[in-house]
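Notes follow the structure.
Should a chain be cited, it is by its letter among A, B, C and D, assigned in written order, with residues numbered from 1 in that chain.
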Amino acid sequence: MGRRLFAEFLGTGLLVAVVVGSGIAAERLSPDDTGLQLLQNSLATVFGLAILILILSPASGAHFNPVVSLADASLRRRTGTGLPVPLAAGYMLAQFTGGIAGAVLANVMFDVPTELATADRVTTGHLVGEIVATAGLVLVIFGLIRTGRATLVAPAVGAYIGAAYWFTSSTSFANPAVTVGRMFSDTFAGIAPGSAPAFVSMQLIGGALGLAATLILFPAPTSPVR
Amino acid sequence: MGRRLFAEFLGTGLLVAVVVGSGIAAERLSPDDTGLQLLQNSLATVFGLAILILILSPASGAHFNPVVSLADASLRRRTGTGLPVPLAAGYMLAQFTGGIAGAVLANVMFDVPTELATADRVTTGHLVGEIVATAGLVLVIFGLIRTGRATLVAPAVGAYIGAAYWFTSSTSFANPAVTVGRMFSDTFAGIAPGSAPAFVSMQLIGGALGLAATLILFPAPTSPVR
Amino acid sequence: MGRRLFAEFLGTGLLVAVVVGSGIAAERLSPDDTGLQLLQNSLATVFGLAILILILSPASGAHFNPVVSLADASLRRRTGTGLPVPLAAGYMLAQFTGGIAGAVLANVMFDVPTELATADRVTTGHLVGEIVATAGLVLVIFGLIRTGRATLVAPAVGAYIGAAYWFTSSTSFANPAVTVGRMFSDTFAGIAPGSAPAFVSMQLIGGALGLAATLILFPAPTSPVR
Amino acid sequence: MGRRLFAEFLGTGLLVAVVVGSGIAAERLSPDDTGLQLLQNSLATVFGLAILILILSPASGAHFNPVVSLADASLRRRTGTGLPVPLAAGYMLAQFTGGIAGAVLANVMFDVPTELATADRVTTGHLVGEIVATAGLVLVIFGLIRTGRATLVAPAVGAYIGAAYWFTSSTSFANPAVTVGRMFSDTFAGIAPGSAPAFVSMQLIGGALGLAATLILFPAPTSPVR
């Protein structure tokens, strides 16, 4: 169990370090074009997220996201193979602490002080964006698992986030632990603590919708028909 | 059948949401360089389209495109395993309504009103571009299927569109349902309703040419020779 | 045989259409930054080249390049399974005519006249670049084939060219048929006819060096040791 | 053994040629935006590094990096299948000489004189960055190998570096042979000789940490559990 929690801590931490660190690099190196910054930030995240899932999935399943852990526990309970509640709680604790540690690590690497972020991100459009982003993420992960294609989760989640950075207005946080971690760097990827509860709430709603869509589209775990 | 139509509606809708939404993000964030906007828009589409096909192909085949459904029905009729006409009609209805819903979703996420687009896109070069773009798309999809490589359709179509955004002058709509959806957002990816019929006509011609090329190159369904 | 030549004509033609067409789009849409143009041009080529090889390799082997056809014929002769000389000649004819047709197609799509290019590209550094670019290309293709990994040629060649556009000073033409095709569009990707013979000569030298490196590194066709 | 050393020399050399050459191209073509230069440089490296590992791994294992060779020798000694010391020494010699040769090749292709670089890169943040970058690299490589997924090393290392260029403040040298090679070009990717020892020291520390993390997460070589 320690090994699994270490993997969740490390993976979530490095994910936040990738998001925050590449955001700092982007805003420093391309100061004149926010879109170019987001392109750099999003491509680094595509690569980094896919690799973290790839490497660490044999150790812990590579959730790195409380919504994913909740959805996983919920789905498995239906089949009687559920993640026990203490382990799910441990996963989430590891994810939140990892997320914060990752922001601090990025700050240290870029010689930036660790401060609470000031970027207020709540708008109606952004909240809808978070619902869509998280629903899509859950559908991608569990749609693949339920069709016998778990080995594709790593590149698929990376690619999905590469699209979601751009097509959702909120740039697709889609992850409560990453949201909390991003509160601790007042830089490109930061989010003001006052915006976090609304974002997390929408992520939970999106997760539930994504799970519902998964069960409608793939009612029984099965191999692909094609 | 409901599940298949839901998958087509959802997939086409999210595809249009990706194209329109990332286009709005791009023009807002990189206002000074249209090429950079198209780079952001095209990369988001590469990622999003590949993932949508990957996730939803076990549910419906992931056509998301009336030209693909028509080509599929036509090819299967030759072998007596054709998509029944009512199902093909259902697919197309789901694709067109999904396409419109996707544009509305993008508008909501970005706090943009849903209005008819005003971008007139008809030029001789663009019409040739749509023929080429759609012919290529059909060749990619059915060339892979007829050589026993259907599992590669998702990344291949994503990559193909990533090239076609740039090498066809029209930025490769190549899809009547996406064309109709893009009429409903007066933003970067929009197309004026007056331009849509010509685009759709060229897409149908391109689809037929692509099907002909597929049958010439891969006269019988087979496994790869290499 | 007609089917194979058609595949070589089509593939080389579309490859040149991708290179020339995306170059025109790039210089029109991002007029202020040549590097951004090359980024757009190179990414479109990565996607397009990989897809063309993927789709058409079951039909013809997807050479699209006289240097590759020559190397293939040469390697196979060593094992007595050589491409017969008339077929090799047919391949090259299809490649050169396809390359020219592709440039014309790009010109038509972008409403550009078909004129001889005026960009003189010969410098000492560029000539060394073409040798390196072509040697690397041949090593990638035949290194994979000789280690039993021919199915990876499509994405590998795409990725290789994505690097070679940037790390060789010449932007990696690495293909006599593409070089000739690019003479017929006086746009971003064009090359003046006066520069073509030197480029093609270097490509032939590079091809020979690449073949030598392949034979040193992979002396016998084998399966991978790792 | 000669074949293996040639592969290490060639691979490390071309890797440095990719890094240095694409850096020169980037700073020439996009002179106004350092971030855009790094995007071009990093994407070229993603493609180039993945391909070099892919092609040459059957010949030598495709280390191209003294830290990787040391980690490999160390891990194998634990299981009694260690790389003999003379071969490990030969690998490193090939890597360092290859790295220098690659910088010279890039300089020749771009008509740049071979001079010692003047870019001082030592800051506290950068040194932390090198530790993180190298630890992550070692974890990626040996995490995959110990879970029976060695065939994924090539794309995974490419993608990892694509993230690490951006999320580590030092742009992720993570390789002593590449660090030394990059001393020999006073261009975008250069590093002043005075900065190299500190970078290499941090890489060795990072390599040891990465190895420790690998052994904690994957205590016994095994097949993936998922």
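Convention: a residue touches a chain if its C-beta (ideal position, glycine included) is under 8 Å from a C-beta of that chain, and two chains touch if they have at least 3 such contacts.
Nothing here was measured: the structure is a model prediction, and the numbers come from that model.
Chemist: Just grab the chain with the largest centre-to-centre distance to chain C, centres being mean Cα coordinates.
Modeler: A
Chemist: When chain A touches chain B, do the two copies use mostly the same residue numbers, with over half shared, or different ones?
Modeler: different
Chemist: Determine the centre-to-centre distance between chain A and chain C, using the mean Cα coordinates as centres, and give it in whole Å.
Modeler: Centres of chain A and chain C (C-alpha means) sit 40 Å apart.
Chemist: I'd like to verify one number: the distance from the centre of chain C to the centre of chain D, where each centre is the average of its C-alpha atoms, in whole angstrom.
Modeler: 28
Chemist: Identify all positions of chain D at which a residue touches two or more other chains, and write them in rising order.
Modeler: 33, 36, 39, 43
Chemist: Sort out which chains touch which and give me every pair.
Modeler: Chain-chain contacts present: A-B, A-D, B-C, C-D.
Chemist: For the complex, give me every residue of chain B touching chain A.
Modeler: My answer: residues 3, 6-7, 10, 14, 17-22, 24-26, 28-30, 32-33, 36-37, 39-41, 43-45, 47-48, 50-51, 54-59, 61, 105-106, 108-111, 150-151, 158.
Chemist: Residue numbers of chain C touching chain D in their complex, please.
Modeler: 33-36, 38-39, 43, 46, 123-126, 128-129, 132, 136, 139-140, 143-144, 147, 152, 156, 159-160, 162-170, 213, 216-219, 222, 224-226
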